[in-house]
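Several structures are given next for inspection.
After this come two complexes, each holding subunit A, first together with subunit B and then together with subunit C.
Take a look at the complex of A and B:
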């Protein structure tokens, strides 16, 4: 850093440097056209997370290193990246959980178009969300406009609503990552978003047809990669996607329900 | 090059700056009124600092204790704000909050429930009855996601990852906004008939804060530069419980909900020190012993609250006192213990994990502490600014025609100290009001042309750091300012230190003229910091000048040289405004007189 000595008198003393250990990083630098790994070294002290290291590199070595972040507490889902190849939140990756004495590799999420360095274009996710039919509640149960709902009926929906939209599940999903089915498949985040709406006790909308015909739920072959990377530990596959697959089967492939559909003239 | 080659030009009726709870609620309301709405946010949609709010939103629904009603909420908020609040706003807030919470439910929010299937409400500091509608300890996420998922279907246009650098005025009225996109560094002009500021807080001016990088006081500074007034800026809330260890997470919030669920504060001697110092105004509302405090937590209507649930300003000062007296924890905090409730509750561990899941997760993952069995180390952290843009309590409009404000950027509702839970309800109540009146203003007033010379002058100013690649690193100035504010204008203030701070702020202004950045305009955090700095300096100066002028201790402001409340100081709010010569003028404005019927409510609730 250039000049900080003038006010050093009022700064808090730096923590003792004796526990600091140098850690080497390879960080992806580049834009959509070109790029390469660049090496940096940071003195890591106790309790530091990976995002702290990136910030230190920004402050001391590369003030133009691009990186998204906000809350630094695993609540906003902004600082998603691939750390040693694993999709993770930078703010929740403690340095002492990474193998010591090994170079730490930090890359942007590879499933989304790169903007610069660690920042990717995740706008596809926002477009997808807009296509899903919004919440449509039944009429209020009570005269004051309120509804009666019981905790046991909303536990599952609340689990899904813990989602911080970090899009790590979208990043890791092979349907998107390897097969680029973005036009036919909405990804685990939005299958779960749909499940949260479908299982909401007050909702009256029907999205099961969309799941089958438009949203590509059939592409999911339950490898559970999404569940494994979810920083909120949501049971995406077991609790959201599989029950939705079952609803699709019930509604479209069950012989008796099919008969009903023919009579009711539904697609 | 012509103007339209240099700038990407957009046109809206109502332009909302900020997409946290207040901004989104304002945008939804303005859209509902049928005008064209744009929303600009610094981050991606849904990432604003509202997601960090944990404990809940205060609304006197009376679901848990039917003695609650708007009058009690009104009196609690005025008492918490030490009567410097705008009573019109406090009344509107207390009356409207329940309807706004129910509205969230109608838009898909899923609050925790009572046994009868109603929205559950929890205890919080300064609220007489359990009043906070909540979802575990992630209420802010629920709020922002509900507004986001509803809002995207209401026709508003959202501009993500863009920063506003200036409000544009023509003949004293708002005519638009100048900004840039962080992705490419391109300049944008938004023409607008009305602007709603919903930019949140200022915590980044301090070293230890619960705020993210976005809390640089942009809205405060933009409004000030456009001629609006900043009121009550001396009142900065230091939340009593932030994490203190490890260093990288110092300041991150530990929800008051921990104490609401029975968490207690102890010093290094194991003593529950909060019983030692109960302010007179709350004497008859506080439990006389630990046993009564626990009964209160369990919902006994005849019990008074434990002293850990006193107002935030008071709890923060008590913690500060314990640490200074050498009774702190190893990393300079005190202990917050929720695990002790296993003495009282079967399955306490599961209960804690269900009620406080993100606290459990946060401590486990970041500090290696299991809060169901170990005490947390906590200490005060800069959390919230009660002060902000002075607005008309009926419309949320500032003294600049066409400029509205809502949420943390606004002054008035919280007075000298905000009660926990009143912030989320503030966002939805006043976001709605601002959106409604901004739309009304647009319908009543035509468009005004943007002044191109103004746009060009502002653009030159923000590009200047690129001409000085060898200039000073902006991070250095930012860090020095944060240290100055933390150490000299923090939780305990004295005249001499604050005067030193003012001198240092002048020095940073001079250094800012020589700040330089490298690289180009695409996603360049160094450049972004250089642009944030003037905002942070304006905010810091207004805090310091106001704090100097208020020669008393009241609410969030504690003056070591004036440790008592003064009768004289109870009669005015302080207002900072840019004088014609460019200097900052702080003046005293008599507080708004309360209507007689509201005075009677206060008397009744004493």
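Take a look at the complex of A and C:
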């Protein structure tokens, strides 16, 4: 794939408004076969986020620039990209947090096949999700078909429910990004999804064997990159992946715990 | 189940990245910090001397023992630390194997740190670039042959909890050394209470080690992480919450305790070889 830098033909931004400052961008343009960085300049005013700049480029300089977005509030997980090399949401990246005098590089997520410009095909994630055993609650506790549980039991799981499925964690994970183990490893998003089900106080399904044998939890080497890029600040590694790794150890690697489990008759 | 591979046209080489921040600072600091500790502790472990002060022939000096050498199972021939559980090195020890009391001890705390979840993530990055940093290109030779902790040899990291058991035991022993450091010998061979800077260091050291050890991810698993129902536990999840608090600061306590234990050894060593004098407070 070509990586040369081209300069857009139509790059004449309007004169700066009061307090506006010109910011130079390098945005990846291309499809799955070819592409290059193209330079644009945008007059940035106070309060703008990077997605605003991309929209302004679309409106004024490159109407064919492809970019996926929806809520512009950090809740839909659509506008994932790599900004100055860091996987981030474009709508949550305030322009005043970027170095003011440097060119801003915007690329699509590198771990997924490119459709066009900043839009990638993340459908692999949805295929993976379908393979995880679904929630299987125990019999209802009460005659009216309801269950009783306490907030502190569900707190751990609720943290994982904040996930907006932006797939930045999948993008940054080196097991997928650099080693292309996507056929043997489900990635941090789905290790966390499995943890949310597995740690649920009502759930009776056992997914620990799948985690070890099919989902490749052992490929995670705890670099915590997923945690660092999570826009919802979920403790993916410490609160989901490592607890699952420990449950795998309980079931497969620790003879003493296995002995206890046999005597206690746990699932 | 079909998870068709995803074609990835953009593969970067070693250290290639679009990141513009100082991403290389942390791996370098870890490399220097951990590397220095490993080199120093290895050197100190092989010395086999200058690991204590305040023996019976040093009246008035507080009894300090280096944490690298505690517990002393046998003293090397010709040394009487007063801390050895079984006296002098027995005659059956093969002469071709160099002996130092620390060599029998250090594998346990070293194993605990080597298999620690925090250190794993840190040294995988700093020492063998796997990855060097987030979203930075890796050495190309690994590529699709990556095994992670899924297969041998790193699958052995799952032994971590057994090192945790040893680490808890060692905290008890080091706490006892801290208490013992409040004593000194008198000229008539009796022992008296006293307090020195070294005593304070030996007391603070196991406290730092406790903050690190009891915040371990395995500990968190044992006190509630292995149950789906926290409220069902005897203490209502109280221990889990406390360990979680420590666990959220695991990296901080990992480094504080690492430098703490190294400094404690350095202090005792420099006092033992006469470079420093342990200042008596009481």
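To be clear about the criterion, the second predicted complex is superposed on the first by the 239 of 267 C-alpha atoms of A that agree within 3 Å, B and C clash if a C-alpha of one lies under 4 Å from a C-alpha of the other, contacts with A are read in each partner's own complex, and residues count from 1 in each chain.
As a working rule, a residue touches a chain if its C-beta (ideal position, glycine included) is under 8 Å from a C-beta of that chain, and two chains touch if they have at least 3 such contacts.
Computed from a prediction, not measured in an experiment: that's the story for all the values here.
Undergrad: With subunit A superposed, do subunit B and subunit C clash or fit?
TA: fit
Undergrad: In the overlay, answer first, second, both or neither for which of subunit B and subunit C A:42 touches.
TA: neither
Undergrad: By the touch definition at the top of the document, which applies to A:145: first (subunit B), second (subunit C), both, or neither?
TA: In the superposition, A:145 contacts subunit B only.
Undergrad: With both complexes superposed on chain A, which partner does A:128 reach: first (subunit B), second (subunit C), both or neither?
TA: Touch partner of A:128: subunit C, not subunit B.
Undergrad: Just checking: does A:211 make contact with subunit B only, subunit C only, both, or neither of them? Give me first, second, both or neither.
TA: In the superposition, A:211 contacts neither subunit B nor subunit C.
Undergrad: Which partner does A:200 contact after superposing on A: first (subunit B), second (subunit C), both, neither?
TA: Both: A:200 reaches subunit B and subunit C.
Undergrad: Let me test your reading of the model: by the given contact rule, A:102 touches which partner, first (subunit B), second (subunit C), both or neither?
TA: Second partner only, subunit C.
Undergrad: Figure out whether A:112 sits in contact with subunit B (first) or subunit C (second), or with both, or with neither.
TA: Second partner only, subunit C.
Undergrad: Using the superposition on chain A described above, determine whether A:73 touches subunit B (first), subunit C (second), both, or neither.
TA: So A:73 only meets subunit B here.
Undergrad: State the minimum pairwise Cα distance, in Å, between subunit B and subunit C in the overlaid complexes.
TA: Between subunit B and subunit C, the minimum C-alpha distance equals 11 Å.
Undergrad: Per the definitions at the top, what is the overlap between the subunit A residues touching subunit B and those touching subunit C?
TA: 1, 149-150, 200, 203
Undergrad: Applying the document's contact rule, which stretches of subunit B touch subunit A when the two form their complex?
TA: 43-49, 51-52, 99, 102, 105-108, 110, 112-113, 116-119, 135-136, 138, 141-142, 145, 149-150, 152-153, 160, 183, 207, 212-214, 245-249, 252-253, 357-358, 361-362, 365-367, 472-476, 479-480, 483-484, 487-488, 504, 507, 517-520, 522-527, 529
Undergrad: Tell me, which parts of subunit A touch subunit B in their complex?
TA: That would be residues 1-4, 6-7, 10-12, 15, 31, 45-49, 52, 58-59, 63-78, 92, 94, 115-117, 119, 122-123, 126, 129-130, 134-135, 137, 140, 144-151, 154, 157-158, 161-162, 164-165, 197, 200, 203 of subunit A.
Undergrad: For subunit A, which residues are in contact with subunit C within the complex?
TA: Where subunit A meets subunit C, its residues are 1, 32, 82, 84-87, 99, 102, 105, 107, 110-114, 121, 124, 127-128, 131, 149-150, 152-153, 156, 172, 174-175, 177-183, 198-201, 203, 214, 216-225, 228-229, 237-238, 242-243, 245-250, 253-254.
Undergrad: Inside the complex, what are the residues of subunit C that reach subunit A?
TA: 1-12, 17-21, 117-118, 120-121, 124-125, 130-131, 134-138, 142-144, 146-151, 154-155, 158-161, 217-218, 220-221, 225-226, 228-231, 236-237, 247-248
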